[in-house]
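The two complexes that follow have chain A in common; it is paired with chain B in the first and with chain C in the second.
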Partner chain A sequence: MRKELPMFITAVSGLVVVFSRYFQLGEQWNLTTTLDRWSLVSAAFAIGLGLGNLTRIHYRNVKRRREHWPFSLYLIIVMWAYMILGLYQDVEGTHFRWIYDAVLMQLSATIYGIIAFYISSAAYRAFKIRTREAAVMMIAAVIVMFGVAPIGDAIWANWGKVSDWIMNYLNVAGRRGILLGAYLGSFAVAMRIILGLERAHLGGIGTGTTIQ
Partner chain B sequence: MDWSERLQQIDRRWIYLFIIVMVSIAILRPLGLPVRITDTTRMLYDHIESLPPGSVVWLGMEYSTGSIAELNPQIIAVVHHIFKKDLKLIVSGMWQDGPMIAQGLIEPLAEKYGKEYGVDWVNLGFRAGGTPYIRLMTEDIMEATAGVDHFSKPLKDYPLMQQVPRLTKEYVDFIIVADTGTPGSPEWLAYVSDPQGIPMGVCIIQMSVPGMMPYVQAGQYVGLVPGLRGAAEYEILVGETGPAVTGTDTSSMAAILVTLFIILGNIGYVMSVRRKEQE
Partner chain C sequence: MILVEGRVFQLVWLIFFLGAVYVMIRRARAGLPIPEIRKIPGLEAIDEAIGRATEMGRPVHYSPGIGSISNPQTIASYAVLSYVARRCAEYDTRLIQTNRQITVHAVNQEIIKQAYLEAGRPDAYNPDDVRFLSTWQFGYTSGVLGIFQRERPAANILFGAFWAEAMILAETGHHVGAIQIGATANTAQIPFFVAGCDYALIGEEMYAASAYLSKEPVLSGTVVGQDIAKMVTFAFIILGFILEQVQGENNWLRVLFSK
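Let's look at the complex of A and B:
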């Protein structure tokens, strides 16, 4: 029953959405809207569930003094304290907002900013003209990089046009192929899920395997 | 270690140091290089420019705090334009950070342009659920948002939300989505913009531009603001030059430096190949 019930719910939900999208009667019955309502309520519950689950896991880490348990303790304190502060003050409360602006926003932006250093180092190591294909990729990358930065236009007035041509033709042609392939693949996976052939979404039960 | 190897194995810490020095120079002493306006940015600008006063623009804030360096200047420039044109603005978010970020950016601008919350703009806040949330808004905004805004205040009290009961073409004239991932602009396109026939434009990080260009070429996005450069272009178009224009100088410096390192690495590589051939 642990396998069959989720598979049945998945199949019925999938068929309802397909029916609603492709048949006029389905649209009249407005079945997708009902599913959307359920989905919103489930998502709201999932946040509470996640909070509870995260607390339980990290509480166990602390209780059993597992490796790096102080970080688990830190997570529990910060998570609950910030949530209680938010409930007490509301999302735009002075202290809640200050912590958000001064800590979370700055740390996240810093971590993202660090990527620039890694990309620079990686570009230096990766862009070697070992093969013709690698040379083409390197030249295209340098043209686009200078096309995006104003220095490209300062060096040569037509630099931006060349960069735009690469982005608008070579890139779009490749991207369209990838997108079409991905969408066809998604359709195939969706059909397999509806038919119960793919069970990865059920978590630990037969992850990624097919029913023989 | 000979020169060919040295050039190929420059310690990464030197690269990091040069990057930080060059970027700092660009920030402290901007080069002031002219920024060319790209077609996609102008397309978005022109579309907003063509909207009559009082039109409703919907802003989907689908990004987190990691992308604020690139996307915040874009949002500021676009909101300048929206308020200058006397358009109405509704903000929503499938990402929990989006409406929080939006509040911090839009509030001072609304004050500057004398725009009243609830009358000229509303922040609906974050709702869990992803695509079902935005799809449900096409049926009933009150139901999808549980009838409250970012501050948990009832939406029915706001004149703007009384005018806009649904996210449909009848009530909303344009959608702008600022995004960095999923759910993001492709979801808005598939579930709201295309089915409802509402024109849509996007504000995205530079890294996402190649992936979004097919949608622009197909006419599904009426415009696209690409990364920090796009923000600088929009600042220039709207006549509100700010941090993005200075920021583009940093990308120029970084481009020069990265290219120099790539050239050095390749000189070293060619030298080592030739040496091996001679041996």
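Let's look at the complex of A and C:
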């Protein structure tokens, strides 16, 4: 029953979505919006779970004086203090908003900014010409780089055109091919779940036999 | 009209897709031959990665991406997580699993617990190693970076929906010396995994993971059905291209698709 009930609910929800999308009656009943609302409510409850999980793990770190335990203590204090402040002031409150804009947003930008350095080191490894594919990638990358960098135009005026052609035709064609396969793949996964063939989300991979 | 206008052909296509999958499942169940799934190096490498972590006495890190619970990529990652958790339980290797979405975290906790139970090692399951880090994208990323630096996993499996954090996670994993398997269907991030990881699964390969890992003919049947649909789709694309050149924009195929 522990597995059958979720499988039944999944199958019914899947069929409701299909019914709502393709049949006029389903569209009028607006069942998918109701399902979406239920999903939002469940997710809201789950935030409490997350808070509990973080608190439990870091409380243990502090209690057992594990390595770096002061950071765990700091996390617990900041997390709960910020939550209490939000409940007291609401999300548009002056201090609550200031902390969000002055601390969280800046940290976010900092982490995002380090991507540039990581791209450089990954590109250095990826562009070492060891195979034919790597050579093609290297040549395409050089053309695209010259196409967007100002120095490219100074060397040859048509770099931009070649670069645009690579991006708009070769790149888009490849990308859409991958997307097409991915959409069909995701569709197959959805079908496997609706039909109860795939049960990984309930524990175990497939129809119940041993993993090879 | 019973059906929604403009979606009739979509429904026909859905029925065709269902039919192709159904036929293949029936064939598989009847023991009739169906085409095999080709070797996917990224999935083959999972055992190698866990084995390496076991030999080195270091943990395995698994991320299901930062997509929500309803994201197909997150759903596809459950099967791989279940497999990885069971292998880790069998080899007595520590598995650190990090989450950005709390609903995904709750499901993953159950999956890992069940995998340890099925492997006969419920005692080895440590709930503290299944971690919810932050709902904030870069908060989650920083959390994973911290875990990489402190715990230095020997294997890093990134399997799911990733966005800007893909490159950061893959590169940091490389710097701590982890063998890395990256899989995502987000096309903008695939190049980052190709560049940063030892093995990369591209697009639909990740959706075939459950069938591939379980080696169950019924699940493989669904993948074969999917491939048939893909071939028909490509045939339509070629036909559409020809018709656009010959008949122009109002060709019969476009009219049929808009029904």
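Please note the rule applied: the second predicted complex is superposed on the first by the 177 of 212 C-alpha atoms of A that agree within 3 Å, B and C clash if a C-alpha of one lies under 4 Å from a C-alpha of the other, contacts with A are read in each partner's own complex, and residues count from 1 in each chain.
Note that contacts are C-beta pairs under 8 Å (C-beta built on N, C-alpha and C of every residue); 3 or more make two chains touch, one makes a residue touch a chain.
Everything numeric here is computed off the predicted structure, so don't read it as measured data.
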{"item": "Which of chain B and chain C A:46 touches, first, second, both or neither", "value": "both"}
{"item": "Partner chain(s) touched by A:33 [first = chain B, second = chain C, both, neither]", "value": "first"}
{"item": "Contacts of A:101 with chain B and chain C, given as first, second, both or neither", "value": "first"}
{"item": "First, second, both or neither for A:158, with chain B first and chain C second", "value": "neither"}
{"item": "Touching partner for A:175 - first (chain B), second (chain C), both, neither", "value": "both"}
{"item": "Partner chain in contact with A:112 - chain B first, chain C second, else both or neither", "value": "both"}
{"item": "Which superposed partner A:89 touches (first chain B, second chain C, both, neither)", "value": "neither"}
{"item": "First, second, both or neither for A:123, with chain B first and chain C second", "value": "both"}
{"item": "Chain B and chain C footprints on chain A, overlapping residues", "value": "39, 43, 46-47, 104, 108, 111-112, 119, 121, 123, 125, 175, 179"}
{"item": "Chain B to chain A touching residues, read off their complex", "value": "10, 12, 15-16, 19-20, 23, 33-36, 38-39, 64-69, 100-101, 103-104, 125, 127-130, 132-133, 135-136, 139, 143-144, 150-152, 206, 209-211, 213-214, 217, 226-227, 229, 248-249, 251-252, 254-259, 261-262, 264-266, 269-270"}
{"item": "Parts of chain A lying in touch with chain C, wherever the complex brings them together", "value": "18, 21-25, 27, 39, 42-43, 46-47, 49-50, 53-54, 56-57, 60, 67-68, 104, 107-108, 111-112, 114-115, 118-119, 121-123, 125-126, 175, 178-182, 184-193, 197-198, 200-207, 209, 211-212"}
{"item": "Contacting residues of chain C [partner chain A, same complex]", "value": "1-4, 7, 10-11, 14, 17-18, 21, 25, 69-70, 72-73, 75-76, 78-79, 81-83, 86, 102-103, 105-107, 110-111, 113-115, 117-118, 128, 131-132, 135-139, 141-142, 150, 164, 167-168, 170-172, 174, 185, 187, 190, 192, 194-196, 202-204, 206-208, 210-211, 213-216, 218-219, 222-223, 225-226, 229-230, 233"}
{"item": "Residue ranges of chain A in contact with chain B within the complex", "value": "32-33, 35-37, 39-40, 43-44, 46-47, 90-92, 97, 100-101, 104-105, 108-109, 111-113, 116-117, 119-121, 123-125, 127-130, 138, 142, 145-146, 148-154, 160, 164, 167-168, 171-172, 175-176, 179"}
